[in-house]
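All chains are identified by letter, namely A, B, C and D, in their written order; residue positions are counted from 1 within each chain.
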Amino acid sequence: MSSPWRKRLYRIIFHHDTEAGRAFDIVLLWLILLSVSAVVLESVPAIRARWGPALYTVEWAFTLLFTLEYVLRLSCVPSPVRYATSFYGLVDVLSILPTYLSLLIPGAQSLLVLRAFRLLRVFRVLKLGQHVGQARSLVVALKRSREKITVFLAVVLTIVVIVGTAMYLIEGEGNGFTSIPISIYWAIVTLTTVGYGDIAPRTVPGQMLASVLMIVGYGVLAVPTGIVTVELSRVGRAMEAEIACPGCGMSTHDADAIHCKRCGARLPVEPSPQP
Amino acid sequence: MSSPWRKRLYRIIFHHDTEAGRAFDIVLLWLILLSVSAVVLESVPAIRARWGPALYTVEWAFTLLFTLEYVLRLSCVPSPVRYATSFYGLVDVLSILPTYLSLLIPGAQSLLVLRAFRLLRVFRVLKLGQHVGQARSLVVALKRSREKITVFLAVVLTIVVIVGTAMYLIEGEGNGFTSIPISIYWAIVTLTTVGYGDIAPRTVPGQMLASVLMIVGYGVLAVPTGIVTVELSRVGRAMEAEIACPGCGMSTHDADAIHCKRCGARLPVEPSPQP
Amino acid sequence: MSSPWRKRLYRIIFHHDTEAGRAFDIVLLWLILLSVSAVVLESVPAIRARWGPALYTVEWAFTLLFTLEYVLRLSCVPSPVRYATSFYGLVDVLSILPTYLSLLIPGAQSLLVLRAFRLLRVFRVLKLGQHVGQARSLVVALKRSREKITVFLAVVLTIVVIVGTAMYLIEGEGNGFTSIPISIYWAIVTLTTVGYGDIAPRTVPGQMLASVLMIVGYGVLAVPTGIVTVELSRVGRAMEAEIACPGCGMSTHDADAIHCKRCGARLPVEPSPQP
Amino acid sequence: MSSPWRKRLYRIIFHHDTEAGRAFDIVLLWLILLSVSAVVLESVPAIRARWGPALYTVEWAFTLLFTLEYVLRLSCVPSPVRYATSFYGLVDVLSILPTYLSLLIPGAQSLLVLRAFRLLRVFRVLKLGQHVGQARSLVVALKRSREKITVFLAVVLTIVVIVGTAMYLIEGEGNGFTSIPISIYWAIVTLTTVGYGDIAPRTVPGQMLASVLMIVGYGVLAVPTGIVTVELSRVGRAMEAEIACPGCGMSTHDADAIHCKRCGARLPVEPSPQP
């Protein structure tokens, strides 16, 4: 059954290197955006009251369209079982199932919001961007920062647990710090400088500890920014430079360099990385 | 009708390279600032009660002045129709129209705040700054960061829609998360670390998801900063060495360049830039 | 009594360079995490009501386990008195004492939260990470930034005291600014962009001063980030090129170094670090 | 009257290069800190009730001490009138006057908080730090960023005025946006991610505009950080390097370099900038 028709369909749906494949991705992303917008709008009481029936029709149209897409995917993929049990395969099913379930169970429709997870496909389209060059350096920099950011998160969590526990002891249950988990939640809200104000220290020692936490948070905020900036800068420099000069061997040239900036020799033409 | 008088006026009003042109820009900017201040102050009930008549006179004075300026602009511009339909042309009309309309329709005056849009002219004066060099590198860096920031915004919007939807399901309508758009608004308020506190999670799973969102927001905040810093640094390095190449005239060389990277000509030795 | 058994135990418990020592550290960290989780969960009224007896058993199990660990530490350490009076020695005692005290004094159990301080041991395990290289550069960068960050903190505290005092005079006791310490607390909440909103200026001059403080805070936020980024970048560059000098053995050379900057010996050509 | 005694006193009080001068600065700073603390504590109702008389004595002691210091300053300075009318001279008078005035006018004591401005002397002591090298690069970097930050502030103020005006029109007076200045205050609170929540948009278009403002603020926050980081990095690099290599002339050496990293020649010994 590995007909050329199936192969072509597979290439269009799952690859991003053909004209048709790219068009398919863009159209799919717009459909997902529109369907998510419909679900989002339907949750507003005023809009549901007025446009309810129309949105119901739209919902069924998108469900049928995505069902068709799902069937096409299963029919052209080499191993349908493997796709159906993959992350994107499950998200695909979850994004159409609630509409069908709503025929049997009345409330199931509200699960349609699971469709929002289909938005994650945007990352697949961003993969296209990787070859454009700009997006790639971002992804590489974030991957390289992973280890340092893990260390950083461990430190942040330790701070948050200790300060949260201390605040539970200091403030007591009367001021909203009713349990240690709530106090830890407050510490996260404060350290990240979000500061809702639904829970706030009322006692003098509590406010002093909070002040210290805030100023620490201020300095701590600097660390992930520093990490990402340095990695981005390093990736940027590495990408600027991958051709050795035939004259002196130096390999750090700007992306737009034609001659070596040290010895003036003409650089070999690179097989155009930026289309 | 292309008299030398018209040409000179055009040069003064629309260009920034003559002494008179620059003076015109500065005076105009001050007038806009003063007129906007008048409108801003008039909106305060206590000030309106006391200085109402004086501010009314001031308003008419500025309106007549800006009307004169608008007529001068139209009279000296090569194509009056094209200017009248351009962005700045429309802003010019919108900033004077409400006062005249208020003679016919009583409430129209409140639209005078549209005059604030004239403040956008500050960007035009900043264009002057471009040639000073400092402001230019900022603009160039932001332009270069555009693509990466677009990717970044796509990721932020996806996060915000998914988390907003999840919070709507978790918290329910009882805790202020009355619809998905409101929940997305809350997610933006939280991710950007603004944290008004008008809507805040009350349930344990809601607070856990919010904590994750805040810590993610913490890391995510690092990305645009990293992008802008790297681009500013790259632009800065390129601008450090503004020596014109004797071969091709290009002036953006790295600080350590000995040869022009475009044509390969040897660069002249710079007379020590750092004293 | 310096038996080889004691020496081996000492090596396992206090050093991190053997297989067994590393395993001990990891197991201990997990036990600390679990025991802290138990204490944290017990503080939630609903959980205490339902799982109280079970958590009571768990608490005693951990206390006995940590008592055993403490005895082992004291028995193998060269100077038991010095360990018992060290920071970690005191934390060890404080983390087991409350359970025993609760047999005598009913309320003493709530002090068990002091166990959270044992989490600080996570930093000891991070020491392992130092040799992995990634975490090390973070620690080095923060140490190098220390001086600049001290200057920065002095400036921030001066701003906060002056603005806090000014707000106390401007807003008065009616608007929540009941004393200068409270006003300073508000200034810290505002400058760090946390912004609880429990205290907020109500008068016009107060809101103007707050606006200036916020915009200053905006710029001030940039300083620690800049400091950490620059130090991280410098450390990163130094670590990029880890070639031992044939003359003096020093291994921190810049990426573009040809000769050792300490002894002047020619460095061996590196076999292409970036693949 | 230019006795050697006066000259020595002048050197101790106004210069920071002698042992005695440095000791004087440190002691003075501690006295200012203590006197400010006394004023700060006295503003707390509970403390005033209990320690009022003691703090009153302390206040008079500090006032007499600072009066003595002021008289000494005037007596040894070359031009007493010029010092008395300088910024620090006025601050000195303002910090002692309220205590004396309180003998005539009862409420004048509360003006003692003006003493907090004496804390600005910390910057004078930081000047000492300039020669240590670490603090200097911070000051230089901030000075160099001045122009770019001015441009940045102009853009921020324009955004804030336009968005504030728009919110006044959108939200109306019912939701707390009672005048344009209040709306501008709200826009600053939001853009700087402080987010008190005392004023927050309630209408759908208002919340949409606020969302846009927050995401813009997110990106805008990156700009000053980028500027300061780049300048700090540039200053750092420039300070690393001020000795020309006698072998090849290259001048970018690390602070700890003994040999040139390019040609291996021994670098001339610098007159030890870091003590």
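The criterion applied here is as follows: contacts are C-beta pairs under 8 Å (C-beta built on N, C-alpha and C of every residue); 3 or more make two chains touch, one makes a residue touch a chain.
On a predicted model such as this, the values are computed, not experimentally measured, just so you know.
Where the sister copies subunit A and subunit B meet, the same residue numbers recur on both sides for under half of the interface positions. The chain with its Cα centre farthest from the Cα centre of subunit A is D. With centres defined as mean CA coordinates, subunit B is found 28 Å away from subunit A. Note on chain placement: the centre of subunit B and the centre of subunit C lie 40 Å apart, centres being C-alpha means.
The set of subunit B residues touching two or more other chains comprises 181, 184, 193-197, 221, 225, 227, 229, 233.
Contact residues of subunit D toward subunit A in the complex are 193-197, 225, 229. The touching residues of subunit B, when paired with subunit A in their complex, are 147-148, 151-152, 154-155, 158, 161-162, 165, 168-169, 178-181, 184, 190, 193-197, 200, 204, 207, 210-211, 214-215, 217-219, 221-223, 225-227, 229-230, 233-234, 253-254, 256-266. Residues of subunit D that touch subunit C in their complex: 36, 39-41, 43-45, 110, 113, 116-117, 119-120, 122-123, 126, 129, 132, 134-135, 137-138, 141-142, 149, 153, 156, 181-182, 184-185, 188-189, 192-198, 221, 224-225, 227-229, 231-233, 236, 253-254, 256-266.
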